[in-house]
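Here chain A shows up in two complexes: once beside chain B, once beside chain C.
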Partner chain A sequence: MFGYRGKALRLLKSLEIEVGDRIRVEKGDRTYEGILMPRSELGDPNHVVIKLPNGYNLGVKITKETKITKIEKGKLPKLGLPPLEVKRDPAKPDVTILGTGGTVACRIDYRTGAVYPAFTPQEIYSAVPELAGLANIEVMEVCNVLSENMTSQLWARIGRAVAKKLNAGADGVVVAHGTDTMGYTAAALSFMLKGLFRPVVLVGSQRSSDRPSSDAALNLISAVAVAGKSDIAEVCVVMHGSTDDDFCLIHRGTKVRKCHTSRRDTFQTINDIPIGMVRNGEVTTFRQDYNRARPEGKVELDAKFEPKVALVKVFPNIKGDIIDSLLDEGYKGIVLEGTGLGHAPRMLYKSIRRAVKLGVPVVMTSQCIWGRVDMKVYSTGRELLSLGVIPGEDMLPETAYVKLMWLLGHDLSQEEISSLMRTNISGEISPTSRPDVFPTPPVLRTLVGESRL
Partner chain B sequence: MGLDYKKLGLKIGFEIHQELDTHKLFCNCPATLREEEPPIKIRRRLRPAQSELGEVDRAALAEAIKGKGFNYHVYPDTICLVETDEEPPHPINEEALNIALEIALLLNAKPVDEAHVMRKVVIDGSNTCGFQRTILIATDGYIEIDGKKVRIPTVCLEEDAARKVREDVSFVDYRLDRLGIPLVEIATGPEFSDPHTPAKAALYIGQILRATGKVKRGIGTIRQDINISVSGGARQEIKGVQELALISKVIENEVQRQVALLEIRDELKRRGATTVEKKFIDVTNVFSHTKSRVIQKAIEAGGVVLAVKLSKFAGLVGKEVQPSRRFGAELADHAKTYGGVGGIFHTDELPAHGISIEELERLREVMGASPIDAVIFVADIKDKAEAALSAVVDRANQALIGVPEETRRALPDGTTEFMRPLPGAGRMYPETDIAPIPITEDRIKTIKSSLPELPESKKKRFIDEYRLSESLAERIVLSENVDLFEALIRKYRVEPALVASTLEETIVNLRREGVQTVNITPSALEEVFERISKGALAKEAIPDVLRLVASGISVSSAIKQLGLERISKAELIALISETVRSNLNLVKERGEAAIKPLMGIIMSKVRGKVNGKLVYELLERELRRASKVQTP
Partner chain C sequence: MFGYRGKALRLLKSLEIEVGDRIRVEKGDRTYEGILMPRSELGDPNHVVIKLPNGYNLGVKITKETKITKIEKGKLPKLGLPPLEVKRDPAKPDVTILGTGGTVACRIDYRTGAVYPAFTPQEIYSAVPELAGLANIEVMEVCNVLSENMTSQLWARIGRAVAKKLNAGADGVVVAHGTDTMGYTAAALSFMLKGLFRPVVLVGSQRSSDRPSSDAALNLISAVAVAGKSDIAEVCVVMHGSTDDDFCLIHRGTKVRKCHTSRRDTFQTINDIPIGMVRNGEVTTFRQDYNRARPEGKVELDAKFEPKVALVKVFPNIKGDIIDSLLDEGYKGIVLEGTGLGHAPRMLYKSIRRAVKLGVPVVMTSQCIWGRVDMKVYSTGRELLSLGVIPGEDMLPETAYVKLMWLLGHDLSQEEISSLMRTNISGEISPTSRPDVFPTPPVLRTLVGESRL
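Moving on, here comes the complex of A and B:
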């Protein structure tokens, strides 16, 4: 019952006390009166939690001398906002918000004592009424998982919902998603939505929406603006562009990565510049080479993924057994996050050769995150190439992983896979390496001097 | 004032907020206050969150309506991502928790078995995350004042808020240096019924806090909030009373205010006043040729003059509710808070401020106002003027009912101004980023075994053990130098009263002279008393030595500069006999009475280098010898 177990649960049950009841707890020279609150499961089983009339919670340890009496049957604390009904305005774009779980939509969870995805998309809408001024919002829940629990089946389910909504006339789709694996889902959607003619925007939040300082509202407003008003017919991620509540950046879905564990501006476009930005609901683009939106079109869903693909980080002392066991387990593809320009130690050569012989493509990316692999500079790289390793250009390891899963889902020959991995399909490979996209910590401007940077 | 407080049903309780002397509560940043301009400013906004019980708090809503943005001042060397709300809180500062428990035990409060960190929604921007983290750590304590028990229902440990440094119409600037400093909040019951006992109780609690030796000292490190109500009135929370001396005055003024507001209500009832409507009329035309600079400027800047009629309010808007604050000032507070305007005009104060009788008459005519009605008007941009008048009407309508519950800010003169409506109880919900904290019996036992001596018993001990006078003992006990005092007299053989008076009188006097006494370090004081204990420095020289030490030099250089190196007894005897010899005439004329002027001459040469008593004895002996020589 609401996180209670063991001793506390037995006692409460025997007294017919439920969460929400007003109770009196006496223990030695102390007496507390208040409402019985849910117990975090992470807490021990020996305390009951009560909320005093002054709003504070406290835990009372149950011992022999603890006496609990029910004063009054209570009501369960009600969560949630009243759903907000808004009439459709034909002059405004129609935007569908797809809910998948994650912190753009969450509330307090008493089971784990942590923030947990639970607001329905309707509730998001009623929490951010500004959306009404931007678009006619439709909401739909696709799934409800923390983003670390996302799977390729769920990618496909999200893709199906997006395609359905766009083909049914939505002007744009927003996918509310947990931030941890948002980059992977963005890449997956980028590959699977063919003939995209309207914006598809992934959005999330780094500060849970149950707090006044949440970044969720600005992110969501900006995402809806891109989905409803922009001409960017691509899969993109829209999140805070700085630590300020000022503007959001529009990142290409295949080039974006979560780069900080907790900051609002965690998402960065790697090796390139973002597509644009949103400030006060107005979209500005930074580049011209994006796919333009069209009023009509048809999205075709190509959502076949091979789930048995692994992303393996190379490290000193790594042994071939890691790759061997993947092959033994029937893995169909391997993306290596190599060192530097795309290297792996000689110790792996034997297993890599075995993989290639078995028809398992091995793709090389770099754990440096920034930069392009180049396997012709050092002998190691040349040797790996000659073993049949596919160089992943300037692709993000995560994007290369998703791309390989997608290609392997399509019954292609080894040569075709090798060639397609090196060909730009959805903005994942930049033809040139810009000299101005590697970030410098702001503190260096002070330490070194602006002019030297 | 001669008010009968008992009859008025006066009820007072207060909260003391004391900063603890340790690092921040939920991160490892130091509690360092910064005064220079910050290298980084972060711009944020807040939205009201849903509380655990499903309601948005009304104070939270009020702030949201104000809709200001916030500039946070960040100093990256002493402020981390936790204060900027870019990283979850770290586990609680255990030292702070121990200090808070120690304070709770000294206040006879009973610690909880398990402490839960709560989020108290505060969206005025003073907390970057939009809530203050606060923990109830003990309940049901008490202290005794004049033999009477005063209940301390709760002792909480919480984060201090950011410091507001600037505010304009659209932004508030906060410095994040203070945000997160651990604060103990001690609340008394609402059981005081006169304006004077609360100050005494606050003083006593302050003494207990300082007895721990683990709380911060100085301006702003201890603050009082006062809760006041009178029967028929409403509860007011008055924030930020920094001086004890102001507590009684704030209370007296608040009682006067509530009595006056109730009189206004009764008068409105008698006149048959009804709910004021938000019917705003543009009266810019009335003032097209006005001599009022404020109105001229507003119109030139594209603004309008917007007015509203308060039916049957004539005379009441101008009624004084606090010393030199009229009811009109309360309306203006709301207009400023919600409309961001500079102020309001009301007919009870006019004609004045450049507004003529003719304008006033036309205004009344346009508004359809009879002499029993008041008219309020604002000159500003239309949106702001509307928001301001809307807030004025809301406040005026509350006057028909009585006294609204408010959080008010204490001003230095003891009056108060409106801050926001009093927060409801729904503004707390659990901080899910931090697990509940069990407070074990072992932990309590350890803290109990080393509780500090309380001021009362320490004072008694100082009188008995060190023979200090009652008043000096009291001063040293309440002083931040109390530990230094005991350390000095344990280390050196010196008169305790001399040490106490040096710390509490000499240094205080020097400070009053404008001497930078902060430069007098404990180690400098040790050096001074060491010399005194060895007879190498005379106590008369202490003020001069310390004055020089405060200017930034060492004790030994100060002594040298003052020419206070000790002279030997032989040198002293030589000096005395030399002086007597060259003043033989004086000795002849005055006999033994010559000792006084001679003492003066000698002391002027050796003051500070030698004990005056010794000079007197030696001089006396020398004189006796001299007179023997003269009378064979």
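Moving on, here comes the complex of A and C:
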């Protein structure tokens, strides 16, 4: 039954409890109440998993002292909400929402625990009624994977769907995507969509939209606003700008990174300012240098990626065998996440030299995340440059990885790849570094201020 | 001559220019002036490298149009400053400064370009005269490497020197260390020094102390203040707290990370508040839960590290071959820098299962950097837990890597390692998550505020 086996399955069967039922679990002096959730295929036989009222799942080990009681039979899924009937309004923009399997506008079916995307236009309007006032929504499922399982083939499939919809007349496209690898996919779309003349907006949610504190509604409303009525003809990520439900930021697709495991304002623009913000469905831009939307155009898809590229974090004590193994396995490109201004230990020089000799480009970025690689300051950097390592400027390691995959998908010489890696193609390299974009913890203002007294 | 060869060497010889001389290089409509620097052994024969007045190095390619003129003969190194005569003051604390090869209190010898640490007590006092008022300084060179070349053997050597000095009666020890891998070494010292009863302070500089805008003096003064007169008996990092030369922050050694390639306030305490701050040589603490100094004690060194551990960043499209190669090469432990709440693609499951079967612990951390791994929320996390992956709580990936090396250096069972990785040993795991420690870009306050008008 839904992944339960062994001891747990026997106990649940004997109590006539099914997945989706509300149960009470007592153990020693602790009592938990929640919905019995399904297990993964790999679930061990000694635990039951319940979803607590706060939305989180808890696994409880079954011992002799564990007492389980059924409180309530599982309810039917909420998916059957009466659909809002919405007619196409020719005065409103046409926005396509592409589903990829993220957690935006999803509902958890408590009977089975499965996450179902709300994915007819009616279901989307029912989940977030404000959308009906913003745009005529069309929906299309491109794939259905958790974003950690995203691949370059799926990037290409998403790109194809975006290009098709824009070229067919959509005013903008929203890509609903899991947050884990949203930054990587945003970078991939930024490189592969050429001649973009309308907005392409990635959006997600840090919590399922059935949870009381979900950020999905504001994110989705803001993303549809950018896609439908902004003049930002770029690939961007639109997600919460604070922990309050008050505004979203518009991040450039090549400069954005998930910086917190669980906060709703997890995405930050790195080494630059965001393109703008959305409050109450109104778009404000912070800068002038973005690609403007045009009434007509044609998007061309250039979605060739070399899949055999590795992103390698450098650490003290790292040995050359890590690079050598990649070369032995036929990897075609390596992005190093070096230390500081773009350094790697001497222990790696021999393997890096071998990579360059084999025609495998080695690109240097920094695990500092903020700032710019500068390999001319210290001897290590100069030596790495002499070995042929390509400095990644102020590119995010993640973006450099996607860019190298994309460049290697094309028939380019080593010199062309080296030169293009250092050339801004889609906003991934900022010409200058701003001092005011380095984030600082808000608590410091209080702590340092008070101690001044 | 100092790495010059071929065309560059011939040109310099013909002009009687030596490394250390001030020269002018004209090329087309551009003119540069600076000190001729030595080249690395790998220097190509077509460039000369000069140190510009702003302290940065510039390589200029020699072509037919390049004109070079000698402006001034190289000066002798500044090392010969008249040493300050300072007698030991029994009323002042005794602080040992251990040199490891970082750039604190160093001077660049412009004649050879070599970086010389100012490393007799007299040279240190000459470089930073304020120190004489704070402590009786003793100095000792432990090693001399750029911090990217630090290894677990050198961590042990540093730890040995720290323990020796504290047990011999030093009131505190300062470890001068390059900033690139300072966080890793701080974590290593935090685990290996048991029974710490006095402060151990790592300090460095984002710029050589001979540069006009160096941060070395304030950092060193603040580090010596913490080592000499604070009651913080922990391993900590003391570095600039802002871009102004006004105060330093005291970061816990297991929670600190270099977050910017070049800023002086590059170090941040992650997922927690710093221990305190230093302003004008005065220490203020922000919290009460730090280990207090005691007048007497004995530090025990437990410096066994397993060197065959890898820190592996997860990325979309990653294949199992990366993990399999590590297992084939005999790696004994793997720390994954997963996505989001602690996820890795399904493509890795088979190799992870193989690792666990071989008794190789696999620890999950997050590339988000901020926040906490929670592998019970989504199916991917639950599946990885079932495979035996150890969740790294809110530990930094870098700290988890050092901790796993250290645990594997001891004769522990798989269960003990799994349990200890999830148990706080030296401040590396915070029991709860504070919302006010997640950093935000200061520019956002202006941008979002203005757009409200």
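As a working rule, the second predicted complex is superposed on the first by the 344 of 453 C-alpha atoms of A that agree within 3 Å, B and C clash if a C-alpha of one lies under 4 Å from a C-alpha of the other, contacts with A are read in each partner's own complex, and residues count from 1 in each chain.
Criterion: contacts are C-beta pairs under 8 Å (C-beta built on N, C-alpha and C of every residue); 3 or more make two chains touch, one makes a residue touch a chain.
From a predicted model like this one, the values you see are computed outputs, not experimental measurements.
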### Message
Quick check on the superposed pair: does A:58 touch chain B, chain C, both, or neither? Answer first, second, both or neither.
### Response
both
### Partner chain in contact with A:32 - chain B first, chain C second, else both or neither
first
### Message
One more residue to check, A:136. First (chain B), second (chain C), both or neither?
### Response
neither
### Message
Tell me the contact category for A:430 with respect to chain B and chain C: first, second, both or neither.
### Response
neither
### Message
Once chain A of both complexes is superposed, is A:217 in touch with chain B (first), chain C (second), both, or neither?
### Response
first
### Query
If you stack the two complexes on chain A, which partner ends up touching A:418: first (chain B), second (chain C), both, or neither?
neither
### Query
Which of the two partners, first being chain B and second being chain C, lies in contact with A:337: first, second, both, or neither?
second
### Message
Looking at A:346 after the superposition, I want to know if it touches chain B, chain C, both of them or none. Which is it: first, second, both, neither?
### Response
second
### Query
Which partner does A:247 reach: the first (chain B), the second (chain C), both, or neither?
second
### Task
Specify the partner with more touching residues on chain A, choosing between chain B and chain C.
C
### Query
Intersection of chain A residues contacting chain B with those contacting chain C?
40, 42-44, 49, 56-59, 243, 261-263, 442-443, 446
### Summary
The answer for chain C against chain A in the complex is residues 39-44, 49, 56-59, 146-152, 155, 178-181, 184-185, 241, 243, 247, 249, 258-263, 265-266, 268-269, 273-274, 276-277, 279, 284, 286, 307, 309-318, 321-322, 325-326, 328-329, 337-347, 366-374, 376-380, 382-383, 386-387, 397-398, 401, 405, 434-444, 446-448, 451-452
### Query
Which of the residues in chain A end up touching chain B in this complex?
27, 29-30, 32, 40, 42-44, 47, 49, 52-61, 77-81, 107-109, 113-115, 127, 206-207, 209-214, 217-218, 243-246, 261-264, 442-443, 446
### Query
What residues of chain B sit close enough to touch chain A in their complex?
39-40, 42-50, 52-54, 60, 69, 76, 81, 84-88, 110, 112-116, 118-121, 123, 128-131, 134, 136, 139-140, 154, 156, 425-430, 432-433, 435-436, 438
